[in-house]
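Listed below are the structures to be examined.
Both of the next two complexes hold subunit A, though its partner changes from subunit B to subunit C.
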Partner chain A sequence: MQGELAGGGLRQARSGRSLKRAMPVWVGTLALLLPTYLWLTLAIFLPLLGMLVFSFLTKAPFGNAKPAFTFDQYLAFVRQPYLIDVAWTSLRLALVTTGLCMILGLAAAMALKQAASGRARTILFMLIILPFWTNGLIRIFSWTMVLREGGFIDMVIRAFWPGAPSIGLLYSEPAIIIGLVHGYLPYMILTCFISLLAIDDDLIDAARSLGARNYVIFGKIILPLALPGLISGAVLTFVPVIGCFMEPRILGGRVGVTMGTVIEDQFTSAFNWPRGAAFSFSMLALVLVVFALFSSVLRQGGIAREDG
Partner chain B sequence: MTHVARAFLLGVLLFLYAPIIVMVAMAFNASPLYAMPFEFSTRWFGALAGDAVLIDSTRNSLVIAVLTAVIATILGTAASLALERKRFMGRAILRILLLPPIAIPWIISGTAMLLFFFWTGIGRGFHAMLIGHVALAIPYVVLVVGTGLKNVRVDLEEAAQSLGSTPLHAFFAVTLPLLAPSIAAAALFAFAVSLDQFVISYFLATPGYSTLPVQIYTAIRKGFTPEINAISALLLGFSMLAILAFVCLSKAGGTLERR
Partner chain C sequence: MSAVDVAAVVKNYGAQKVLDDIAIHFQEGAFTSLLGPSGSGKTTLLRIVAGFVTPDQGVVRIGADDVTRVPVHARNIGMVFQSYALFPHMTVMENIAFGLHRRGVRGAEATRRARQALDLVQLSHLGERRPKQLSGGQQQRVALARAIVFSPSVLLLDEPLSALDRRLRQDMQVELRRIQQESGLTTIFVTHDQEEALTLSDHIAILDGGRIVQEGAPAQIYEHPRTRFAASFLGDANFLSGPTMPGGIEIDGRPIKVAMPFETRGRATVAVRPEKMSIDGPGENRIPAVIRQIVYAGATTTYLLDGPEGLPFRVFTQNHEANLHPVGSAVWLTWSPAHTILLAE
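Here is the complex of A and B:
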């Protein structure tokens, strides 16, 4: 591989020597690219294709099974209306989590820019980013310590009011949302902060000296310029959250039934793989639809990024 | 305004750290039911030492993470050399094709791998997980090394060649040392991506072969025990060390590039 790599470099150098060991440039380029894309084909593209095929089968084609073509797996959404509710739960969790992360993340990024500078700001920034480097499972598990009956929150309340009833937030939708926001907020702060850093403070001073009020400065300067960061943060949050299953299982208990947990069940306990495949593709479709709905905003963010 | 901003930041930090601190504190509490008052004990860490399943899965996690780092770094660096330095048709499409591993929810790619690997006889377990982890890590490597390549000037390599260096030697003597910090950062990133990966491992695990996150998930679903706190606290400490190493390396990279 390195030989071909050198062949390509030889050509680029356009020295006389390249004529002696002439090798088409594309051979080198291909040799550099092929391993990566073959690997991705085996690990991602072919499996997705295989899953698409599965989602139209009556049963998994293992052993002596004779599967037939069918739309039934997708029609399950019509025949079992509770699946629509489940899909709505997933979408709601994803939208609420993304929305909360956007509000809190932008506010935290603005506060970070305002409250500190230099070394102090760098340290604060590192402190905010640090939690996201620890395993998500562990962070979700941490919340069970805080939210469960007799957990940290109950302890704090009972310290002030002995004999207070338990808040008992664990195994509820708010618990899932708290855990998810905790998981993805650092991403959002990171992307927003990077966008905000690019804003020239003179611009804000100029607006203020011309009599602009705070909310005008926020709406006309900060928000449009922070949009690329907000949008990349939103995508980074929305995509994993809509597919989440570990968080609803641990923090939601019986309340936490999402598309993610339904798919997990199909593959790990119900063993109806064609059904699971159809659900997975429906979720992918849902993600694409949401992206399409927000495409104008997404594109705006993209353009702003190119300008910046 | 500044006071409000500081108070808000303090609140955010409290929100981010409080649960983690409570979780770690409970790892040192003697009561198996997390009961108060707090009584310091390291018995749960001692219990870990005798837990063969946890030790096995930790070893599996580390082996897969190291192999993922090595393979993904080699493949990704090669690909990013081509994507950054060569001009050819379809480059834009190839770049877009790097997105699916990170842009598709893991549960979709994970179940797709399970289904396809089972169907084709590739099976589950160690090699299946390795295939999956490397695929997830490659896009990050291409991104990190690609950014590094932008800062390494092409003409340095060309200058070496015009002075009589062979292209291979020019690459290894000039570009590679300059790129080394980026490659090291990319390798660490790939290592972290693999070590942190749960969803894909979960679907590709077998009863006999799983990784630490999969074991932790299984344990949590059985019920909360301080042993999970102890292993989580250890893993937390390890991640902190890893990020410190990462920060030091990227600082080294920064100074090297400026030189």
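Here is the complex of A and C:
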């Protein structure tokens, strides 16, 4: 390791010397990095900065009236306590969906890895990717057909048990969660699968030869080594789900009031961009707080990833 | 520590016969090598003893127990894999203690025994490292310590040295033999490297095409190979085949005498080890040849020669004096009838 570092240093010094005659090293570095940072500035930093400014204004600066500076938008949470409930609903949806995705995703990824033959694996893989090929909106509306009173699930149940009461899941929180899990599960399966693929089969055999039963192998070998995949999958799921608005609106009906739908309303119906922006940044803060709470787990995943 | 017995084991993968009626006894405390080319079934046999593969027919016994249907985790085996298979998310100590924990040995006792195993492989100072921070040879030692720390009934080694470079491999051979003798473990070692098998083993079984071709002590197999395959796979050999005559065979009108008694009928093949032949030396068996190529290696020289009817020969000599026969010279190859091994075809 040390020898490698020293070698690298030497190499750098040498190339530095030869470049010095033409131009300083930092010019080249800057030239190489500039496009990336320019793009980041243009595509992420500027729009976000604009929204941040909006969130401190009384009204969107589009009309003739001059907007004034205010903290009022952020105080909405204090003045309208129902927003706290809404935020809690969003957080709960995100946590439950992410948790379910982790359980189902890891199980599916393990099954996928077990399907050793290349052909079976390819077919299963296609089946997982397939939902991505259809529009998200169509997928959600399809769920309404399945979940509504007298829908597909009820029909199947009544085929075996005539006169059964309706499951009637539509317009409830479970319906939203079903839709969300369905939508985001593929990400989790893919990230877990990639982690699992990196686990050498010999490790499992070795654990078995040392006396480990299946549940020990899962708990001590597979789970820790799949952690990087689980964590990246969780981040990929949690962040969009906490801000989701399509699924709650279509599958949740009256109960489907989340921060996502509230923010969407502010931008589209109420045309109150500053308030929508303030809510968005509050959500961002919430996400960051959640990540901070789980930071020790996240860091562990990072270490496991470094180790391979 | 226990003896291992494999009796009448058959394993097929579809139509392919991988192991065909294998019976072998692994003596208690002995180091036995399963030697064969890839596809000979040696790894499958090891995995059957380990329990990863269930035989279609036959019985596997460890000690007095029939373990044919016992799952791997209940067999009390120690196994070292070709890829080492160290757990990357655990430290060296945690890796070694894994097998102890599975046997209910925990806390100070587990630490003490893991330390002891680490001392045995001379890596006492690296207990807190992760596998990725170790060299190949060190990982190899950790894998060995992990496999023997809980005193398994049998130690199974699946080509553990093949990933190491030549120098390190020779060091590890000595180390492996020392550890095996100190621990007195019944050891089964799978390899395709004949030199490794010869230097390490008490007993060698040569496998080919799912059958045991020959087994015995290294010197016995080397000096008396029974088949052409055994003779060429374990060491080098010159083959001569011709019609039989009383006391030997006939090559190009010359008698080649064979010391051991045999039936005079039809044709027969004999093998002669390259180091048993000498050039223009003593010996009852003589054959003319022309030196085609000389491979000089300092301490030794290998001559490649052409015999009668273009029959190729290989002669291996110690360089006692710097007296090399030049390429192209016509010489007599000579050897003793005692070193002329009759092969069963």
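Note that the second predicted complex is superposed on the first by the 262 of 308 C-alpha atoms of A that agree within 3 Å, B and C clash if a C-alpha of one lies under 4 Å from a C-alpha of the other, contacts with A are read in each partner's own complex, and residues count from 1 in each chain.
Everything that follows uses one rule, which is that a residue touches a chain if its C-beta (ideal position, glycine included) is under 8 Å from a C-beta of that chain, and two chains touch if they have at least 3 such contacts.
What you see is a predicted model; the values in this text were computed from it and never measured.
Student: Please indicate which partner A:104 is in contact with in the superposed arrangement: first for subunit B, second for subunit C, both, or neither.
Tutor: The first partner, subunit B, only.
Student: Where does A:221 make contact in the superposed view: on subunit B (first), on subunit C (second), on both, or on neither?
Tutor: second
Student: Could you tell me if A:197 is touching subunit B, subunit C, both of them or neither one (first, second, both, neither)?
Tutor: A:197: touches no partner chain.
Student: With both complexes overlaid on chain A, does A:65 touch subunit B (first), subunit C (second), both or neither?
Tutor: neither
Student: First (subunit B), second (subunit C), both or neither: which does A:206 touch?
Tutor: Touch partner of A:206: subunit C, not subunit B.
Student: With both structures placed on chain A, which of the two partners, subunit B or subunit C, ends up touching more residues of subunit A?
Tutor: Ranking subunit B and subunit C by residues of subunit A touched puts B first.
Student: I'd like to know which partner A:289 touches here: subunit B for first, subunit C for second, both or neither.
Tutor: A:289 contacts neither subunit B nor subunit C.
Student: Figure out whether A:123 sits in contact with subunit B (first) or subunit C (second), or with both, or with neither.
Tutor: Neither partner.
Student: Given the touch rule stated above, what does A:42 touch, subunit B (first), subunit C (second), both, or neither?
Tutor: first
Student: Can you pull the subunit A residues that subunit B and subunit C both touch?
Tutor: In the superposed arrangement, which is not itself an observed complex, subunit A uses no residue for both subunit B and subunit C.
Student: In the complex, go through subunit C and note every residue touching subunit A.
Tutor: Result: residues 50, 52, 72-74, 76-79, 81-83, 85-89, 98-99, 102-103, 130, 132, 146-147, 150, 156 of subunit C touch subunit A.
Student: What residues of subunit A sit close enough to touch subunit C in their complex?
Tutor: 200, 202-203, 205-213, 216, 220-221, 224-225, 304, 307-308
Student: Of all residues in subunit A, which touch subunit B in the complex?
Tutor: Per the stated touch rule, the residues are 1-3, 5-10, 12-13, 15, 17, 25-26, 28-29, 31-33, 35-37, 39-40, 42-48, 50-51, 54, 61-62, 104, 107-108, 110-112, 114-115, 124, 126-128, 130-131, 133-139, 141-146, 148, 150-152, 155, 182, 185-186, 189, 235, 239-240, 242-246, 249-250, 260, 263-264, 267-268, 273, 276-277, 280-281, 283-284, 287.
Student: Would you mind writing out the residues of subunit B in touch with subunit A in their complex?
Tutor: Within the complex, subunit B contacts subunit A at residues 1-2, 4-6, 8-9, 12-13, 15-20, 22-23, 26, 34, 36, 74-76, 78-79, 81-83, 85-86, 88, 94, 97-98, 100-101, 103-109, 111-120, 131-132, 134-135, 138, 142, 154, 157-158, 161-162, 166-168, 170-171, 192, 195-196, 198-199, 203, 213, 216-217, 220-221, 224, 228-229, 232, 235-236, 239-240, 242-243, 247.
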